[in-house]
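After this come two complexes, each holding chain A, first together with chain B and then together with chain C.
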Partner chain A sequence: MIQFESVDKWYGAMQALAGVSGEVRRGEVKVLVGPSGCGKSTLIRTVTRLEAIQGGRVLVDGVDVGARGVNINRLRQRVGFVFQAYNLFPHLSAIGNITLGLTKLRKMGKAEARERALAELARVGLAAKAEEMPGKLSGGQRQRVAIARSLAMDPEVMLFDEPTSALDPEMVGEVLAAIKQLATNGMTMICVTHEMGFAREVADEVWFMERGAVVERGRPADLINSSAHPRLQRFLRTLA
Partner chain B sequence: MLEILQNNWLLFLVGQYPHGPIGGLAMTLFMALTALALCFPFAICLALARLSPYRWLRLSATAIVHTVRGLPLIMFIFWTYFFSPLIIGRAVGGVETLIIALVVYEAAYLSEIIRAGIQGLPKGQFEAASALGLGYWTTTWKIVLPQALHNMLPSMVSQFVSTIKETSLGYVISAHEMTFAASQVNNVLLTQPFEVYAILALTYFVLCFALTSLARYIERRISAGRVAVATPAVAVAV
Partner chain C sequence: MGYIFDLRGVLSGQYFDWFLIGLAVTIALTCAAWCLAMTMGIILTLIRMIPFRPFEWFVALYVEYHRNVPLLVQIFVWYFGVPSLLPRPARQWINGHHGEFLLATIALGLAAAAYVAEDIRSGIRSIPKAQNEAARSIGFGYLGAMGYVVLPQAIRIAVPPLINQTLLLFKNTSLAMAIGVGELTYRTREVESYTFKTFEAFAVATAIYLAISFGIMACGAYAGRRLKLENA
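Up next is the complex of A and B:
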């Protein structure tokens, strides 16, 4: 579904991604972990060309994301992206955030879009908050609306960029529950997170990144418990 | 002063209407409002062009904005006044002239306000729109402009205040507005220019001060809204 082929990304003289390769198959859940600034967010942002890359290729379903002539907006509709800061549109209600894409991109009628949006809100347990403005919602609720907004577009892949890092601790659970449910239903996803319990539960594979490269990868149980990966162990201790 | 006002308040308010052209405060407000409303679409286009990824568009818009901002309004009034008859083949009235000059002039200033509003939006708004797959125009109309214009409302009211004051230049081309009305009164009375122009000044001041206060009020409300969005702890968690 997604292939990274020796991806290089530079910010000026700073190399953010150094030859990252890897594959995410349909239905797989990959969790990216690593110290801040290691390039994990940058890597998933390359998938929908929120970041341009300078070397290598990123393929989504065999299509080179960076190629000239690629209809990037069409591609982005197939790849959901959830941000750390939610990035809801503050001037639209919860349901307005969701129907915008449905009416403008899916060309749905108003009634149909509303129905679909309500179903998505119900899925994340927020049907009662449909008419609320984002400013009136808690962080956890905002992030769940953001997830519903992405899901409404029927994406084939979901990318999560530290979806719980901006949340108060008591709200982390509700957001992780929504993501876990998705994983259970077989959604392909890449999730950048520091929640190791979550990684252990849902990840098919954990990629540990450092200085722009994936330095370890493996099944979560193997990686987390093994003593064979000293750098990873050191990193995990800093989380605990 | 009160006596002058008692005898001439109608002239200050609506000019010679209904016995002649409408003028006075009514015309001042009409011209300022019309100019601002008409320049709005141009201002939005200029602002978008200045932020365009296309170099030629960006450079031409920047050149226009800098040129207009580098010249005094009275130049535009004179140019419109003397050149438009040559172009359209008949004389153009003072009111039309002033409105046209104001539209050109205010579009440049308003475009800078709108540009600042767009650039002041969090980067996440553009990214969220991109990530959804929304195109440039949908993003601009549905996400960017509604927020940018809302945030810039106080600056736009301030721009309206400037425009009101600038209409007084209409006096030089005999546009029948409030300053013109005051000069008519002065021409009749001849001996009390200080009082006449004090009334004029006071009227401008009350109007502009009220609008500036309104701008401050809107600004406070908008920033209060921003705080509520920035700190989730304030929101009611259920």
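Up next is the complex of A and C:
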């Protein structure tokens, strides 16, 4: 589904990604962990060309994301992206945030779009908040609306960029529950997170990144409990 | 001493009508110049968004000229300067069609457009880049993200300063008397010179200007409250 082929990314003289390779198969859940600044957010942002790359290739379903002539807007509809800071549209209600893409991009009728949006809101437990403006919602609720907004476009892959890092601790659970449910239903996803309990539960594979490279990868149970990966263990201790 | 303040003299008969006619011209001038200012302001904003240096320079030059040259001079340039550059038939047409009103509208409107363009631009700038990114991530192109996500928010932010510009424009219309536009200040001078009731005449004009200014300010305060968005 997604392939990284020795991806290089530079910010001026600073190398953010150094020859990252890897593959995410359909239905797989990958969790990216690593200290801040290691390039894990940058890596998932390359998948929808939110970040341009200077070397290597990123393929989605066999299509080179950076190639000339790729319809990037069409591709982005197929790859959902959830941001750390939610990025809901503050001038639209919760349901308006979701129907915007449906009516303007999918050309759905208003009634059909509303129905679809309500179904997505119900899926994340927020059907009752449909008409609220984002400013009136809690952080956890906003992030769940953001997830519903992405899901409404019927993505084949979901990318999560630290979806719970901006939340108060008591709201982390509700957002993780929504993501877990997606994983259980077979959604392909890459999730950048510091929640190791979540990684252990849902990840097929954990990639540990440092200085722009994936330095360890493996099944969560193997990685987290093993003493064979001293750098990862040191990082995990800083989280605890 | 012994001056007796008496409004009856300036508010009776034809003088009352002169004030009304002046007020009507002031409002017409404000509305016409406002429409021009908004149209031109939006066009300038769009031109500036095209990533081509000479366009940016043109808009920057436009804004600096209109902000730094006294408005009265700009009005004189349009009234005395520009027609002399035009061919004779065009000049005659202007003279036959209330040239002073037309040229005052252009001068006031174009000057206000510079400020309108700045207000809209700072509205757009104040929208976080992440909003654009979120719209693009759903699959919107540049225009879709701009039209459905960035501009609707930018306009909300720009409305209070734009109402402030409207207020300034309204007050600036009084400068048009210098080229003979029969607006409120011009008519007030007339009433004054016919009645010799200087203080009363300008008291009436002041009251009218104040009443309309307060009305515009109240609209601004209301819009500011209504359109305020909480971050999300």
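Note that in this section the second predicted complex is superposed on the first by the 240 of 240 C-alpha atoms of A that agree within 3 Å, B and C clash if a C-alpha of one lies under 4 Å from a C-alpha of the other, contacts with A are read in each partner's own complex, and residues count from 1 in each chain.
We adopt the following convention: a residue touches a chain if its C-beta (ideal position, glycine included) is under 8 Å from a C-beta of that chain, and two chains touch if they have at least 3 such contacts.
These numbers were taken from a predicted model, which means no experiment stands behind them.
Steric overlap between chain B and chain C is present once the structures are superposed on chain A.
Once chain A of one complex is fitted onto chain A of the other, the partner contacts of A:Ser138 are limited to chain B, with no touch recorded for chain C.
Using the contact criterion defined above for the overlaid structures, shared-chain residue A:Leu88 touches chain B and also reaches chain C. Applying the stated contact rule after C-alpha superposition, one finds that A:Asp168 touches chain B and leaves chain C untouched. When the shared chain is aligned, chain B and chain C each come close enough to touch A:Arg149. When the two structures are aligned on the shared chain, A:Lys104 is found in touch with chain B and with chain C.
In the superposition on chain A, the residues of chain A contacted by chain B and by chain C overlap at 48, 50, 73-74, 76-77, 80-81, 83, 85, 87-91, 100-101, 104-105, 134-137, 142, 149-150, 153.
Touching chain C in their complex are the following residues of chain A: 48, 50, 73-74, 76-77, 80-81, 83, 85-91, 100-101, 104-105, 133-137, 142, 149-150, 153. Interface residues of chain A, counted against chain B in their complex, comprise 48, 50, 73-77, 80-81, 83, 85, 87-91, 100-101, 104-105, 134-142, 146, 149-150, 153, 168, 171.
Taken together, the chain B residues at the contact with chain A in this complex read 122, 124-125, 127-128, 130-135, 138, 142-143, 146-147, 150, 225, 228-229, 232-233, 235-238. The part of chain C that touches chain A in the complex is made up of residues 130-131, 133-141, 144, 148-149, 152-153, 156, 229-232.
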